[in-house]
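Each of the two complexes below includes chain A, the first together with chain B, the second together with chain C.
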Partner chain A sequence: MSSLTAVRRRSTSERRSGYWWYILPGAVGFLAVVAVPFGMNLWYSLTSFRGVGDPVFIGFENYQRLLGDPLFWASFRHSVAFIVAMAILPTAIGVVVAAVLFNFISPKFGSKVASFLRATYYLPQILPIAVAGVLWKWMYQPQYGIINTTLRDLGLDGLAQNWLGDSDLAIYAVMNVLVWLQIGYTVVVFMAGLSRVDPALYEAAELDGATWLQQFRTITLNQLRPEIAVVLITTSVAALKVFAPIFVLTRGGPGTSTIVPAYFSFSNFFTTTKVGYGAAVASVLALMISVVAVVLLRYQTRNSEGFEDGRG
Partner chain B sequence: MRKHPLRLATAVAAALALVMTGCSSGGDSGDPNTLKVWWWETDDSALSAAWKQAVSIFEAEHPGVTVKQELKTYEQMQQSGQLILDSDDTPDVLEYLKGNATAGVVAKAGLLTDLTDVAKTRGWKLDNTAQDVGLYDDNGLMGSGKRYGITNYGEYVGVWYNQDLFARHDVRVPTTLAEFENALKAFADKGVTPLALGSADYPGPHLLYSLALAHMTERSVAAYQRFEGEADWSAWEKAATTMRQWVEQKYISTDSTGIPAQDAGNAFIAGQYPMFVSGTWWSGQIAEQPTFKTGQFLFPGNELHPGSGGNLWVVPAKAKNKDLAYDFLEITQRPEVQNFLADKGGVPVAAEPGSASSAMGLLVGDRFTELLSGENGGLAWYPDWPVAGLNDVLLANTTNLVGGDASPRQVVEAIKAAYDAGKPSA
Partner chain C sequence: MAVDSLEQTAVSPATPPAPVVRKVKRRKRGVSGWVVLALVAAVGLLMLFPFWIAIINAFKPAPDYIANGPVSLPTELDFSALVDFWGGVDFNRKLLNSVVISGSVALIAVALSLLSAFAIGIGRIRGRVWILALFMLAFTIPQEALVYPLFVLTRDLGLYDTMTGVVIILAVLQSAFGTYMLSSVLGTFPPEVLEAARLDGASRFQVLRLVVLPLTRPTMAVLMTFFFIWTWNDFFLPLVLLPSADNQTVSVALGALSGQYTSDPTALAAASLAGILPALVFFLLFQRTLMRGVNLGAVK
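Moving on to the complex of A and B:
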């Protein structure tokens, strides 16, 4: 008996050591694409560097300057708005849409209709962001854009706005595009989550005379808690590092009313060629995202543990 | 969190890919019988036509030498040009971006060949101010020092106008700033927005700079552009105040903050606006529109106008066939190539006067020559040149100014702050 265990143990450890080779390609890729550039970025952030020539070590000067740079703080304030637009709103809307599709459309009109609608919600996710951005830019164009021309045709001239050109409005216009972009992702995840829910729960609730809203609150929301947590983490991280939609739609403008940390860092890297300073912004952004991700992951683990306990 | 290192890596990878395509398509980087030439001007442009002619002259004069021309993009060269020039697989001669932040940085880093002696021995005529864009000092500041590049063309900003609309509203071509404002008022009074403007793009800063130049002398321009003395910020504040007034008097639409340069140009070409303050790079498109008679006048009352020599030909320090590169550069300066450029609607730096066959070519070509001669004024470069990244700051602040989000004083203070921060420390 004991010899048998020993044999098994040895073979497991042999097998373990044998598997290490398989990690090599991934490890090389990780080193080359993530670890080394990240280390270089940290080093650059401690230097004054124009992109060519030699970086000059200046300690934490870049970070000190960063703390006093109003643009840096503005970019993080805008990040909060984008968390609303990319994480909170799409999650809220996504849960409702998924529930309607799953519990109402699908039984009433058939699963094909529901799948079709789900696909249409997902479409913005498939569209290359450069294309989507150009389309929205056209729609928002103040003079010939379809939004303003339609409003004017309806006699609602007062509502026609300089959407992306007005510094008070631009951030909401960009947020609107992001909500549109993100809903598809949340709907697809939540619908997958709902298919895992035991239908007996809904049947029981119906027999007890629960309304749709009551079922939504007590069953759907509770059962989807793990999915909601995952979606919130991934979309919040995406919101913090959002770059492409800003680059395509406003380039941080008008003025600096839509600047975000990633774009701020990019413009330091490539347009003002203050590589050291841009690297410092990138490092702070990396730190922020790690903190947010860890906090949300912790929260999710605690929550889903409670969830498991409650069920068990 | 991986986004930034990744992006840097992407830029490096893109540059490597660029260099490698240059290498693999040739595979003969050291071949003494191949001249590798890169530029980014697209095939339909006047410059591309002129340079292709230069290539064929070169080939005729150098039997046995093949020219390998590759088309790049402006963005590629702007963002990874430094890495390419620093690699071992650079082309022999390439079009590169003029300015402190681009050519200046690589010249200072020793990545470009010093052409001062080459130009002297070969007797190149580079003494006009358009060629100042090829000079960089030890700090990488443009305008004086050693010659690292030459330009074949020039550009300047003026006021494009719609002659038909001027006639219909009985407005005459203004010659002073006061007359200009009267003309603007005449249109505005009839409910016509007189100026096409895309202040979401470079036309905003160009207009602001034109207005500032009304209050500047050659000395204060030198102070602003080359840090020779204190820049005159009061001129900028006056300019910003005027521009704000123009918005309030509806000479400029507040919508312009959401309108890019191309849309503004298109709207002018479609006949929707009587005037458009912008550069000679529009001349081709404006000449081709068939619906109305166009013209151009210089910004009324100003002696100095935004404008300069164009982008540069440079020879990388690591180029393999420098002598062939010099031969090519020489050919691009010959009258036959320069006249051809004028003929195609470009603005050459060394064409024979009156050589252009088109009306537009004559207009912009001869006016540029006049500006170069310095008799009735001169070129004041562009507002974003002194300091790297100033363009973004100027854009952000002109949109704030037009949108009414900042006062003229705040706008100028913000521009000054960025200017001072980017100034080379003495």
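Moving on to the complex of A and C:
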């Protein structure tokens, strides 16, 4: 009896160990592309390294300098603006648009109309961000760009601005592009979330004489809570990482008025070749994003456990 | 046509009770109904407006633009801006580079994901939770924290400014996401099927090839579509690791346009259109997969 279980145990452990071969390519890739480079980046961040020659160990000097660098703080302040543009505004607009499409347009005018409208909101999402950047840069162009020519045609010459060239306005111009890009994502996710909601909830509310706004507040927002949380966190991570729109639209300028952590570290790496300093910026950014990601992971596991409980 | 398939994916769970509700409500659209429709349609038009304006101006002769501005329709169809841009940046070359890189990344990343997920989801190897957590780290970590070492390593290995280097790096990064997704799919794989295959004397590799692979093909198709499009749109690593014009991708070629072409008001419209076209083709080809995948990624 006991020898039998021993044999069986050995055979399962053998059976399992054979699977290690299958993770080998992925593990080697992970080591070479993620683990080793990440370790090297941490090492660089503790050194003075100009890209040529050998890195010289200087301890935490780079990090200390970061804390006193106004550019570093400005870049994270701008990150907050991009969290507003990529996470908060698109989520707020997306919830309202999804609810209007799903609970108002779809029952009154048919689901085809609603789906068509959803596709129009989603279209910017398919563009490579670089292409979206070129397109908007052209529309923002101060002399012949469509925004200023239209304003002049309307006789509003005073409102025509050098949108990307004015250090007070540039960040809002970039934020506007990001809102345009992101709305489609939130609308699609929230509409899918709404299709999960039991229609009986709305029918009951209607019978009780609840207005559309009351239904939105009590049913829609409550039922979409998991989607809202996940979307807010994933888009905030994306906002912290934002690079391509900045590179294409403003290169962090004019001056440093739209600089973000990703662009700040990039320019330290490849423009001013202060590699150690850039590595420190990138490490701080990685730390911040990891914190947000852990929050997401916690939320997702808790949420899916609750989901299973509810079913069981 | 585009609309039908979109609708099916999203609305299907809730369709059964819909017809009854719809019939009752349709009668009372009311003034407010039309106002709201007009409002959301106006927002939709605003979202599409940049696309429209790029298309009409890409075909507008430059003097026409200067005389009549960007809003008016072109007086004649002029392909010269598009032709100039296409030839000027050797856009055929960029398209080919992007197809080769995105296609290779998609294939390799899916293969890597399947192998790793097989070990984690079916093999249930020890420490799989930690392995998955590490893989998740790989796709949340900002690429800025990897890029300089990757630049140094590829340079030392002779892979800098080669498509091979970028393909390997992007395939590994994307397979981290694929492994995460596929592992959870394979974790729910029916154990009876696996047990039956084992009793028939199938080896692990035969189980993978003859049992798991055919049954997970739909998920893998979704992953491959996503990897292809992500790579196509990817900007940061190709920008740094593929500096020469001969190796540039479409995204980088467009993103790196700075200064040049800005003197001619229709040139950037033509450039935008050249970038929009492939994206539009993918959207029309893969929209069902894309919409399904968006939801999968967000709520899973």
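Please note the rule applied: the second predicted complex is superposed on the first by the 267 of 312 C-alpha atoms of A that agree within 3 Å, B and C clash if a C-alpha of one lies under 4 Å from a C-alpha of the other, contacts with A are read in each partner's own complex, and residues count from 1 in each chain.
As a convention for this text, a contact is a pair of C-beta atoms (placed from the backbone, for glycine too) under 8 Å apart; a residue touches a chain by one contact, two chains touch by 3 or more.
This one's a predicted model, so the numbers in the text were calculated from it and none came from an experiment.
Chemist: Contacts for A:Phe243 in the overlay, against chain B (first) and chain C (second): which applies, first, second, both or neither?
Modeler: A:Phe243 contacts both chain B and chain C.
Chemist: In the superposed model, does chain B or chain C contact more residues of chain A?
Modeler: Chain A has more residues touched by C than by the other partner.
Chemist: A:Ile289 in the overlay: touching chain B, chain C, both, or neither? Say first, second, both or neither.
Modeler: both
Chemist: Which partner does A:Trp73 contact after superposing on A: first (chain B), second (chain C), both, neither?
Modeler: The answer is neither, since A:Trp73 touches no partner chain.
Chemist: Just chain B (first), just chain C (second), both, or neither: which does A:Ala279 touch?
Modeler: A:Ala279 sits against chain B and chain C alike.
Chemist: Looking at A:Tyr299, would you say it contacts chain B, chain C, both, or neither? Reply first, second, both or neither.
Modeler: So A:Tyr299 meets neither chain B nor chain C here.
Chemist: With both complexes superposed on chain A, which partner does A:Gly110 reach: first (chain B), second (chain C), both or neither?
Modeler: Touch status of A:Gly110: second partner only.
Chemist: Per the contact definition in the header, classify A:Thr256: touching chain B only (first), chain C only (second), both, or neither.
Modeler: In the superposition, A:Thr256 touches chain B alone.
Chemist: Contact-wise, after the overlay, does A:Phe57 reach chain B, chain C, both or neither (first, second, both, neither)?
Modeler: neither
Chemist: With the two structures laid over each other on chain A, which partner does A:Val188 touch: chain B (first), chain C (second), both, or neither?
Modeler: A:Val188: touches chain C, not chain B.
Chemist: Please write out, lowest number first, the residues of chain A touched by both chain B and chain C across the two complexes.
Modeler: 33-34, 37-38, 40-41, 141, 241, 243, 251, 262, 265-266, 269-270, 279, 282-283, 285-286, 289-290, 293
Chemist: Which part of chain C faces chain A closely enough to touch in the complex?
Modeler: Residues 2-4, 6-7, 10-14, 17-18, 21-22, 25-26, 29, 33, 36-37, 40-41, 43-45, 47-48, 50-51, 53-54, 65-66, 69-71, 112-113, 115-116, 118-120, 122-126, 131, 133-138, 140-153, 168-169, 171-173, 175-176, 179, 204, 208, 229, 232-233, 235-236, 239-240, 250-252, 254-255, 257-258, 262, 265, 268-269, 271-272, 275-276, 279-280, 282-283, 287, 290-291, 294-295, 298-299 of chain C touch chain A in their complex.
Chemist: So in the complex, the part of chain A that touches chain B is made up of which residues?
Modeler: Residues 33-34, 37-38, 40-41, 50-53, 140-143, 162-167, 241, 243, 251-257, 262, 265-274, 279, 282-283, 285-287, 289-290, 293 of chain A touch chain B in their complex.
Chemist: Which residues of chain B touch chain A in the complex?
Modeler: 1-9, 11, 78-79, 82, 86, 101, 105-106, 108-109, 111, 200, 254-259, 263, 267, 388-389, 391-392, 395-397, 399-400, 403, 405-406, 422
Chemist: Note which residues of chain A are touching chain C in the complex, please.
Modeler: 16-23, 25-27, 29-30, 32-38, 40-41, 44, 97, 100-101, 104-124, 126-131, 133-139, 141, 144-146, 149-150, 153, 180, 183-185, 188-189, 191-193, 195-196, 199, 203, 226-227, 230-231, 234, 237, 240-241, 243-244, 247-248, 251, 261-262, 265-266, 269-270, 275, 278-279, 281-283, 285-286, 289-290, 293, 297
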